[in-house]
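Given below, in the form of structure tokens, are the structures.
Look at the two complexes coming up: chain A is in both, with chain B in one and chain C in the other.
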Partner chain A sequence: MKAGLLHYGRLLLSSFILFIVVITVLFFLLELAPGDPVQALVGDVPLTEEFRERIMAAYGLDKPLWERYLIYLGNVLRGDLGYSFATNAEPVLDIILSRAGNTLAIAMPSFILSTLGGIVLGSIAARTRKRWLDGGISGIAVGLFSIPNFWFGMLLIMVFSITLGWLPTHGKSPYGQPGIYWEYMVLPIITMATTELAYKARIARSAVIESLGQDYIDTARSKGLSSRRVLWRHALPNGLLPLVTVSGYSLGFILAGSVLVERVFGWPGMGLLFVDAIERKNNMVVLGITIMLTITIIIVNIITDVIYGIVDPRLRARLAPKQEVTT
Partner chain B sequence: MTRQETRTTGPSSPAPDARTAPLAVRERSHGGQGAAWRAFLRRPSTLVFLPLVIIFVLVAVIGPFFVTDPVATSFPKLLPPSAEHPFGTDMLGRDYLARVVYGGQISLLVGFSVAVLCMTFGLIVGGLAGYFGGWIDTAMVKIAEFFQVLPGLVLALVAAAVLGSNIVIVGALLAITMWPGVGRIVRAEAMRISKLGYVESQKAAGFHSLRILWSDVIPNAMPPVLVATTMTVGRAILIESGLAYIGVGDPSNPSWGGLLNEAQSYMRDSWWLALLPGTCIFLVVLAVNMLGDALNDAFNPTIGRVK
Partner chain C sequence: MNAPQDEAPLVSVEGLQVVLPTGERSEVEAVRRVDLVIRDGERVGVVGESGSGKSVTGRSIAGLLPTSPRVRVNGSIRISGQEMVGAPPAAWDEIRRSRVGMIFQDPLTFLNPTMRVGRQVAESIPPGREGDGSARTRAVHRFLEQAGLERPEQVAARFPHELSGGMRQRVLIAIAIAKLPALIIADEPTTALDVTVQQRVLKTLDTTVADLGTSLMLISHDLAVVANMTDRIYVMYGGRVVEEGATEQVLHEPRHAYTQALLRSVRSLTDDGVELYSISPELRRQLAEEAVDAS
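Showing the complex of A and B:
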């Protein structure tokens, strides 16, 4: 137990340091960016020097760089991501949270669909005796992750929205309507899920093939278990360990990919906000979104590690002897 | 730790190791790989996709001599594909075939140069990290972790917005964010190979570390590195196209992704604008990935199908 705690303590510490490094790199990178936050705040009107100084002082922009960095870092750790200068000094966190729900509404279904679909297709491909089925699934998987994801979305729009007229092309609801309508979610979710599904199917296939080759599978077979039971009870649980890691990272890829997918479908989530903020040099929002993304990925990584520790008996065993040494 | 231990136990039996060493080297680095290369070249997917990649490269290199000026707005706007304009014309009346050919130059150049840069960085840093361990190993693992937590696409977007978005900067950014992928593979291979008997015996015989790295570790690590590098070509083309689609890149010299950015507003009536550059990206990336798979299968025949 003590060894387990030590392991997770070190994991938390290194994640925290990584987080600080990410903030630091991005903060100084964005400091290099041309652009004038005060001008961005008031819009395209001439400024008096006195007014400028007042604004600079009000937002702490007159302080030296390193001091602003430390203040920003302190604020982030307290959950304050600063103010968006381009949009009437709204708090960045509020802007992001108002969009986060929209992104999650398509990202989470994509994550679940791609994980389940990937496992099922990968296992079928690994186990089937029909070469054409395996070849077909594997070939489609390579094909799907060779497609530029955003272009796949454009193709879906051209086929299902423009040609067939079944689904809307753009946005999350009919013009002026609040909320999210399901017709609008279908194509973005499919687009987001495809690449990840193909990737996971490949991983699942090779993982299951590898675990089907292990001795304990022969043991299970020789006990007379049905091949379905061998797959679901013996090969899959062990074979899917690598998929836990892959799934953890895939959530990060899906969220990062939302930048492209949301642009294709005009989906008003964090990805669109991010592109918009970059175009308008709205640095605090850019920084804020990147920080939120990083936190999400780090938390998912920690959860992945914990799940791994629970499901992987080898890891449990490796942690246990250490405990004898330390106590 | 383990390396230290094996080194201290090494000299106790130097003679048999030293005698078997040259044989092992020859076997591993030449005979085995030659057969694998022949197996690679005989694979059906190689026969299809290697020529495809070569055709795309040839078109990018010599195509510009055969097409019209890609920026001359001398034709009617938005003509669908025809005998005169096989790819149609775009919204400003430019020959789209010419634009796709020139766009391919950018996309392929980025893809291949990023992959070569990644392989070079990966071999150097990953090789040193895996062979020597210690601080350089820790540093590499941390850098790889950094790029795992901060997706390359996001970092490249931010950095390109700051540093300006010409194609050299985009390529450099992709190489910086993507090399740890190759580096980790080299590192794992270098760790494995440096513990092999004949490498241990070379160490015991006092060979210089860099010489062992160069003439034994790196050649033997090459198969998985080549697979990863091949895959990197495809991934770099994909990420570059995504960045260009969002508007990062040189708008007066658009890659395939840049053409798709322009095509977005014309999807309703001018399908060829979106369809053709995307198909090119898809075919090249597919070909490269299939070649990567074929390489992998040729060099790892053990990972095959279950009976």
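Showing the complex of A and C:
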């Protein structure tokens, strides 16, 4: 119990330090980036010096860099991500939250689809190792992994939207309609999931092949279990550990990849907001989205750590050592 | 312990040849024209040095050779009269489910690290034999107890890493006996254990096999282990059986030079100051010539 608390305490502390480092690096990088936030705020119009000073004072941009950094860091820790320069000083957190749902609506199904699909295809490839089915799955996986997802998205639009006319090309709902329509989600989800699915299938294949070569598989076979049961009950649970790590990272990749996919499909999520904010030098929004992504990845890492313990009881034992039973 | 001689044997191996891949383009003939018989209720020992083919022979009888298509098995393996060489995987599954149990060498690596012990034993009980739910759980506890484990309810709830080496080996024994097999193949079952635990585990195996009336194929490089627990012995060298006979006869009146050398190499606590005996290069050359003649 004590060892477990110590482990998770350390994990939380290192996550917090990582969080502060990310904010610090990003804050100073964006300060160093070329461009004029005041000009971005008012648009392409001439500015008087007096007006510029008023705006800079209003947003605190007249203060020294270190002071602005400390104010921003304090605000972030209180849950205040600042105000958007470009959209009538709207709170950044509100802007991000209004878009986060849209991104999650395609990111989460992509994550689930790529994880389950990767496990199933990788396991089938491992079971049929060096046979035509394994060759087919592995070859397709390498091919799909090599294709940039924005290009793959455009290819899907050409085939399914333009040529066949089955699915819409753009947006999340018909013009003027609120909410998200499922037919608008299909192509972005497939685009987002494909690369990750291919990668996870490759990892799952290697992990299951390694697991199938372990001694306990002989014991399972000696019980007269069918090869399918040996695979699903013995090889796969033991091969899942590397896949847990990969899946943890993959959620971060999917969210980061949403920048390109949302751009291709005009999907109004955080990715599109991020690109828009960079183009308009809306630093607070760029910082805010990056902070939200950092928090998401840190949470996913902590969840991954907890899942490790569930999947592998030996790791759980290391955190809460039990007395070994002897005869 | 002696079985009647006139019944059809439980296991009959004739001219068994096993070729295993050792690299991308290389292979080794691990077992060469082996003949072996195990009758109902009989205890047979297979001895020989590492690489002599004894484990591969045992695994061939259990159908547990590597699944690679490059593994070649020729000859005949008949279990309860059923020809198993070339049999489909489902036929092997059925044999392993009901007729043949196997106990392996290293109790830690041969138990699934992520599955509780009770579930691993339960899997070995053929579906429907003990009913389900609590009846099956009671059966699991019974087999763990039979394998010499005290407080079987607690042991069943543990993971393998939470048990000692001796307990793990007893779990492997419980897994092997849970299907009530006609034959148990024990492949070096005590090699990975401390000397103090070895005797207790062997005693458990001895008692369990006697209680169930099961046949035993005990594979070991330890002549003392085989001497105490078997009716007949097969001595293997270089993938061949070089001598076969009643345990008493083979140990006390060995005919083959290799068996004589093997017996001379056994150490005793009273051998203080005596130089370790090793098999001479001349004998190895002679054995190699015999192998060529035999082929």
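We adopt the following convention: the second predicted complex is superposed on the first by the 303 of 327 C-alpha atoms of A that agree within 3 Å, B and C clash if a C-alpha of one lies under 4 Å from a C-alpha of the other, contacts with A are read in each partner's own complex, and residues count from 1 in each chain.
The rule is short, and it goes like this: contacts are C-beta pairs under 8 Å (C-beta built on N, C-alpha and C of every residue); 3 or more make two chains touch, one makes a residue touch a chain.
The structure displayed is predicted, hence computed values, not measured ones.
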item: Touching partner for A:Ala204 - first (chain B), second (chain C), both, neither; value: neither
item: First (chain B), second (chain C), both or neither touched by A:Val311; value: second
item: Partner chain in contact with A:Asn238 - chain B first, chain C second, else both or neither; value: second
item: Partner chain in contact with A:Gln214 - chain B first, chain C second, else both or neither; value: second
item: Which superposed partner A:Gly224 touches (first chain B, second chain C, both, neither); value: second
item: Broader residue contact with chain A after superposition on the shared chain, chain B or chain C; value: B
item: Partner chain in contact with A:Ile157 - chain B first, chain C second, else both or neither; value: first
item: Contact residues common to both interfaces of chain A (with chain B and with chain C); value: none
item: Sites on chain B touched by chain A in the complex; value: 142, 145-146, 148-151, 153-154, 157-159, 161-163, 234, 238, 241-242, 245-247, 257, 260, 263-264, 267-268, 271, 274-275, 278, 281-282, 285-286, 288-290, 293, 303, 305-306
item: Sites on chain C touched by chain A in the complex; value: 62, 64, 89-90, 93-98, 100-102, 104, 106, 109-115, 120, 123-124, 126, 148-150, 154-155, 158-159, 161-164, 166-167, 170, 172, 175-176, 179, 197, 200
item: Residues of chain A that touch chain C when the two form their complex; value: 214-216, 218-227, 233-234, 237-238, 311-314, 317, 322, 324-327
item: Contact set on chain A toward chain B in their complex; value: 14, 18-19, 21-22, 25-26, 29-30, 32-33, 126-127, 134, 142-143, 145-151, 154-155, 157-158, 162, 206, 209-210, 212-213, 249, 252-253, 255-257, 259-260, 263-264, 274-275, 278-279, 281, 286, 290, 293-294, 297-298, 301
